[in-house]
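Per-chain residue numbering starts at 1, and chain names A, B, C and D are given in the order in which the chains are listed.
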Amino acid sequence: MTTTSRSTRARLDALLRQGNEAMSPRMLRRVLQELRAIIDPRISEVEGGRRAMAMAAWYAGATPERRYDLWLLMSEMFVADQKKAAEAQARFAAALGTPDEAAAEVHYRRSTVSPRRRLLQRFSVYPGGVQFLVEMRAELQPHLRADRRLLALDVEMEYMFSTWFDVGFLDLQRITWDSPASLIEKLIRYEAVHEVKSWADMKNRLDSDRRCYGFFHPRLPGIPLIFVEVALVDEIATNVVPLLDESAAAVDITKATTAIFYSISNTQAGLRGVSFGDSLIKNVVDTLKLEFPQLRHFATLSPIPGFRSWLARQPEAQAELAGLDQPLQLAPKSPQRRFLMRSAARYLGTQFQEGKPLDPVARFHLGNGARVERLNWGGDPSSKGLKQSYGVMVNYLYDLKRLDRHRSQLAQGRIPMSGEIEGWLKE
Amino acid sequence: MTTTSRSTRARLDALLRQGNEAMSPRMLRRVLQELRAIIDPRISEVEGGRRAMAMAAWYAGATPERRYDLWLLMSEMFVADQKKAAEAQARFAAALGTPDEAAAEVHYRRSTVSPRRRLLQRFSVYPGGVQFLVEMRAELQPHLRADRRLLALDVEMEYMFSTWFDVGFLDLQRITWDSPASLIEKLIRYEAVHEVKSWADMKNRLDSDRRCYGFFHPRLPGIPLIFVEVALVDEIATNVVPLLDESAAAVDITKATTAIFYSISNTQAGLRGVSFGDSLIKNVVDTLKLEFPQLRHFATLSPIPGFRSWLARQPEAQAELAGLDQPLQLAPKSPQRRFLMRSAARYLGTQFQEGKPLDPVARFHLGNGARVERLNWGGDPSSKGLKQSYGVMVNYLYDLKRLDRHRSQLAQGRIPMSGEIEGWLKE
Amino acid sequence: MTTTSRSTRARLDALLRQGNEAMSPRMLRRVLQELRAIIDPRISEVEGGRRAMAMAAWYAGATPERRYDLWLLMSEMFVADQKKAAEAQARFAAALGTPDEAAAEVHYRRSTVSPRRRLLQRFSVYPGGVQFLVEMRAELQPHLRADRRLLALDVEMEYMFSTWFDVGFLDLQRITWDSPASLIEKLIRYEAVHEVKSWADMKNRLDSDRRCYGFFHPRLPGIPLIFVEVALVDEIATNVVPLLDESAAAVDITKATTAIFYSISNTQAGLRGVSFGDSLIKNVVDTLKLEFPQLRHFATLSPIPGFRSWLARQPEAQAELAGLDQPLQLAPKSPQRRFLMRSAARYLGTQFQEGKPLDPVARFHLGNGARVERLNWGGDPSSKGLKQSYGVMVNYLYDLKRLDRHRSQLAQGRIPMSGEIEGWLKE
Amino acid sequence: MTTTSRSTRARLDALLRQGNEAMSPRMLRRVLQELRAIIDPRISEVEGGRRAMAMAAWYAGATPERRYDLWLLMSEMFVADQKKAAEAQARFAAALGTPDEAAAEVHYRRSTVSPRRRLLQRFSVYPGGVQFLVEMRAELQPHLRADRRLLALDVEMEYMFSTWFDVGFLDLQRITWDSPASLIEKLIRYEAVHEVKSWADMKNRLDSDRRCYGFFHPRLPGIPLIFVEVALVDEIATNVVPLLDESAAAVDITKATTAIFYSISNTQAGLRGVSFGDSLIKNVVDTLKLEFPQLRHFATLSPIPGFRSWLARQPEAQAELAGLDQPLQLAPKSPQRRFLMRSAARYLGTQFQEGKPLDPVARFHLGNGARVERLNWGGDPSSKGLKQSYGVMVNYLYDLKRLDRHRSQLAQGRIPMSGEIEGWLKE
């Protein structure tokens, strides 16, 4: 009996003893047996897919507790045999530089594939299976912090998803008012930056002077994995209010010089860790340049979601902001307003966490090679805007010739920014 | 300096010393640098894809020798760091059963990913990149046996392809005479069983009493990865001649009880090792049952490509077949004809190689769960048919309720067969 | 100078003298010249189409008064030459039965084609031209009663439209929640029977137990000319409230026995006189029978729009309905409720106008061969329902085997009805 | 009893007496009854369409003689009532200029519609009905000259077709090697100018430096009504041989300045008299200019099909061409070659028939506004080319700014031509 198999038995015992209200030991054993049957090497891939589909049907009707147990079974009971893996690794290391190297690498490679991965793969066989996994992972995510046993399953799914949802397999599609109502409904639901108030609000965002693009995947038909809303304008937008004003007339797009990305939303929590945003923006820029050769500038008009809560933790802020009630009414040169602008520049231009920009939106755009371009007082006067950042918004500029230079600069710990932002920092 | 990096230098030196007419040392170094630039972690995936595309453009214009050198660079110079992998493996093994296990597994998993895999992944980013890799592998295949250094690259591609070309990502499409001419042209070119003589021949195979299905992948648009030709008939076909007769009238398909799979062809040598055939047949059976609920039997009419050459190696055959000139003219009860039929049954029903049926077509269908059903004298009287198997053809029967039972039986070393074949074996 | 040309001059003089604020005499002459240039026989059809498109562009920017003048020009100034037509007619009559007959008929046929028809035909050449004409006619319709000079243009358009919008050229398309948002928006706008209150209301009408079909024409892409909303239920629906209840669960359609057509709306006033409804319903019935072979009954749940106003004109109603305030609260056997039901049966089952059923909805369905099936007290308790018909609704039954029999019966002045309706009439 | 109804009876008697082997009097009466039932005003349009479909099914199985009788019935027995038409005409003429005029025109218009037209209309209702009529007319055409009784039916169909196949209802589609094989097969069959020798020949004509466009109609799906083959080149092509050379490399189309229309073929004999060619060429020119803004010249390379037979009828030709055996080998300045070129210029530049250019291809292109541009000795050295025109070909030039000017010039009896052609004429 190997270490691994003992370990396997121990894991199962632990699960069986857990005594919660979920699966009975008998049910746990039966479900484990069914999971193993899915990857039985004697059956065909198609048959394995059918068994996976049956398991998914069972899951659809299961209680949250039983679903949780299924996750544990999948995470704990399908580990690769470490003894074999270690042997294969040693053999490969010994073969380096010899004629047997490649064969040893092949052998080693196979030994590292966990049965868990084959299990997930079988779920991908039947139509709807990939969507099942994506939704299961979305459900599992909130439990990860509390129960580290689920991490292995989560990471395995992230790995499989990053292969399946490889950028090359995504379709960039323009979304218009002629797109399916069921798709527009999803945009309304998933919009994460500026809430969509009504169908008329959404129609305005698909007007003739707007563009909206999403990434789609053949296995999740009709579901935008991520989408971006773009306004075509003649200068860098500083305020989101006119962009969201349904009654505003459409701009003459033949004269537009600037594309403003004013909202980017991921829709699938289950695809966490699989990044599309970089690709989306670059593909959209290419598509826009083809349609509008006269476009010169590509920039965002972005929220600063972490600014206010960060500022609240800064000691000096208490004193400076004492008595501040209606920030939007501060005069341009008022000390409090200047303090807020300076602080925003400091927040965006100097704050890191684990080597990356602290603000999540900054992390995304700066990671793509953009730079911090301009701060806009009162850019989002909505209550959400006030709550996040005292209504301040920021433009990130995508200077297509400098994206890689900016990325390198960021990798060295310096946040790329415009002279205007540097000015605020020096003040 | 680590073992691995010394090893890397040694590999490069070996390549540099090779002194063939292909790349100069300077060019080798430059191309290596460009390959490394593709996976530079400081650049974005999109930029990496652009660099990969540039490399593919260089490849398109390169000589065979230089292409060969590129393969060697990709295979030899992008090995995973074995020291790190061994450390990660040890850490994972130590963490088994502890709260750190999952994190250790994640770390270990990442350490086993070779830079070579990231390199291939970058080629998948740009449109046409996957097709480039598939075609490159097709080109590389014939050199594998002679130069084992290429094996690592080949296996890495096989691994990536088996993920990308996962059955769940394939589209089953019916091919008809209304399909694009460019696609029909590909069928004519790739048909591997019964050569297509003309467009009229192909049109006959797409007549109202036929069905043709192929698997397609979104990244290789318009290219059938594998396709099958089916005839709808009212009894199990025993002879391929009427099926290929362009002047024969179409059968009334409302009365068809039997679907005959009379030709299955893989088209992409570069996808060797990635199997679709099993899935294709099962999907086609499902599709046919939906369209024709009255279908009762699903069988092939198949060649026996290895029979004659195998028989030539059997000692007793020399004597038995002495003087045999025109096998098709043998009388039904003639000793030579009975000997040939008995031998064919023995070849198909008893001969193994490395645990699998010796005949390649038998290996495929039996592996899918079919059984050897019937031998057909004179089933393929063409010169190819005579050359392969004295004109004998075989039906494999797909009994949908017994596929998995047959697979188990085969796994135990017994080839599933009908009473008729058993009869030939007992004779 | 012929009679006709004098007449033409006289018509122009009349137009020139009209002295309203619209076109000046000079502009009238210029526009007439441009209209004539559209059908100049020396130019090609394509060039004619371009000139028509220019005229349509002018029209888009013109005032209502100038548009009106354009209609007059098109109606009055492009009459066929009556002298030639009379000659051709006489020649044809004389040739009847002789070998010259067919040639004479050809000549005659051509002489009857007015230049106005050629003018309209040229508008059909450019993309968008047919839609322009349909919208122009919708605009012109309200003026027909007051100014009979427009009648010729109106009738000519009706004639052309009935050819272009020939039922054979229409596409029946199912409309679902996956249809373009821009199309769903049109349904919401054009729904003429039960007002759509919101997108959620519309989504409910496209739920899994509903079907919605529209007729589309290649020249008016994305515009449903007419559409019908169908509910799949297990008995003939008697009340529209549950059908419009967004919170009601969808019915299990595999058990549905009955299709209820609960709303039919024409969308294009400009296509008045071109009837699609009959065809739509018959095509929808065929389509539904194909999808749901178990459907047994096809019926409407219809408003009775003219009932209340008709009843108000009946002398006896005053006395009977005195004091009626809340009709929905009348007890089943109350005299007033029975009076209303009897009266509704009389209205639908006996009242004609110009040989056709008086009620417009009855006229449509009975004209299609349906019969009056059942009266439903409180079927539409909305304020619109009360205003039209005291909330009473009616089912018309489409008994597919009796449609033509019913049509014949109707043609003889007898309205087809069920025994239940006959019962109300006898009471 | 009216004149017309007597005439109707007389027509039927004549048909009944005809005593051929076709329909018996009894069958004739029955078929006439069924035809009348199709337009029975008491039945719905949909039911009429079903009856028409039944008649088409009968026709499909009928002998040529019985089909002929059906044509006669349709042509002779569905004439409009001339007495009513004459009355309506008189009433209309009397109403001219009065307030009743428009109503009288409406009444008159309706009286001129023959029952035959309603009959044809009903055939358009069912899918496949329009195609049935188009094919029936193609079958009827060869009999028109001998039997003038069929003319009325033929003209009625031409009229209906010219409405249904109105240019505005046609779709211009590009045809490529990716188009359906069934469509490419039709091109091969219908190509009327330069016979297609094989699928490889056709593929060459769809190469990257070619364009092929066809007009399609929604009611004849998959059938190109007319198609044109275009070569993109860098100067006006003078010889068709290189264009048809399958082994020739494709031209770099980014440098093409000239589009050569080297083959235009109508495919449906049943659509005779309905012209698409003009529109096709103009639409194709617009489409090409959009794709290739650098195109400067649009010209044909055309056969001169009537030249040789015309020349054979010219008295002087006998003497001039005596002894001419191998025209292609004539030296450039030889008297015979110059005579042939001069004669070709005379044929194309001066010969009329009924007011239109004598040569049918010239008639088409000059009618579209092109001019005779250049004569090409040896342009088509095939046996067909020699037989038609001693191998001489001609370019017609489409000078987009002068098309209408050229048409006017042609209408005045002068054929537009280049200086080069004028030179030949003066010689």
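Note that in this section contacts are C-beta pairs under 8 Å (C-beta built on N, C-alpha and C of every residue); 3 or more make two chains touch, one makes a residue touch a chain.
In this text, all values refer to a predicted model and were calculated from it rather than measured experimentally.
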- Task: In contact with subunit B and with subunit D at once: which chains are those? Just list them.
- Result: none
- List the centre-to-centre spacing of subunit A and subunit B in whole Å, with centres computed as mean CA coordinates. 37
- Distance from subunit C to subunit B - Cα centre to Cα centre, in angstrom: 60
- So what's the Cα centroid distance for subunit A and subunit C, whole Å? 52
- Listed in rising order, subunit C residues that touch 2 or more other chains are none
- Task: So, with touch as defined above, which chain pairs make the list?
- Result: A-B, A-C, B-D, C-D
- Query: Hey, which residues of subunit B end up touching subunit A in the complex?
  - Reply: 3-4, 7, 10-11, 42-47, 49, 75, 79, 82, 85-86, 89-90, 92-93, 96-97, 99, 101-103, 105-106, 108-109, 112, 121, 124-127, 129-130, 148-152, 155, 159, 163-164, 166-169, 218-219, 278-279, 282-283, 368-369, 403-404, 407-408, 411
- Task: Could you pull out which subunit A residues touch subunit C in their complex?
- Result: 177-185, 199, 203, 222
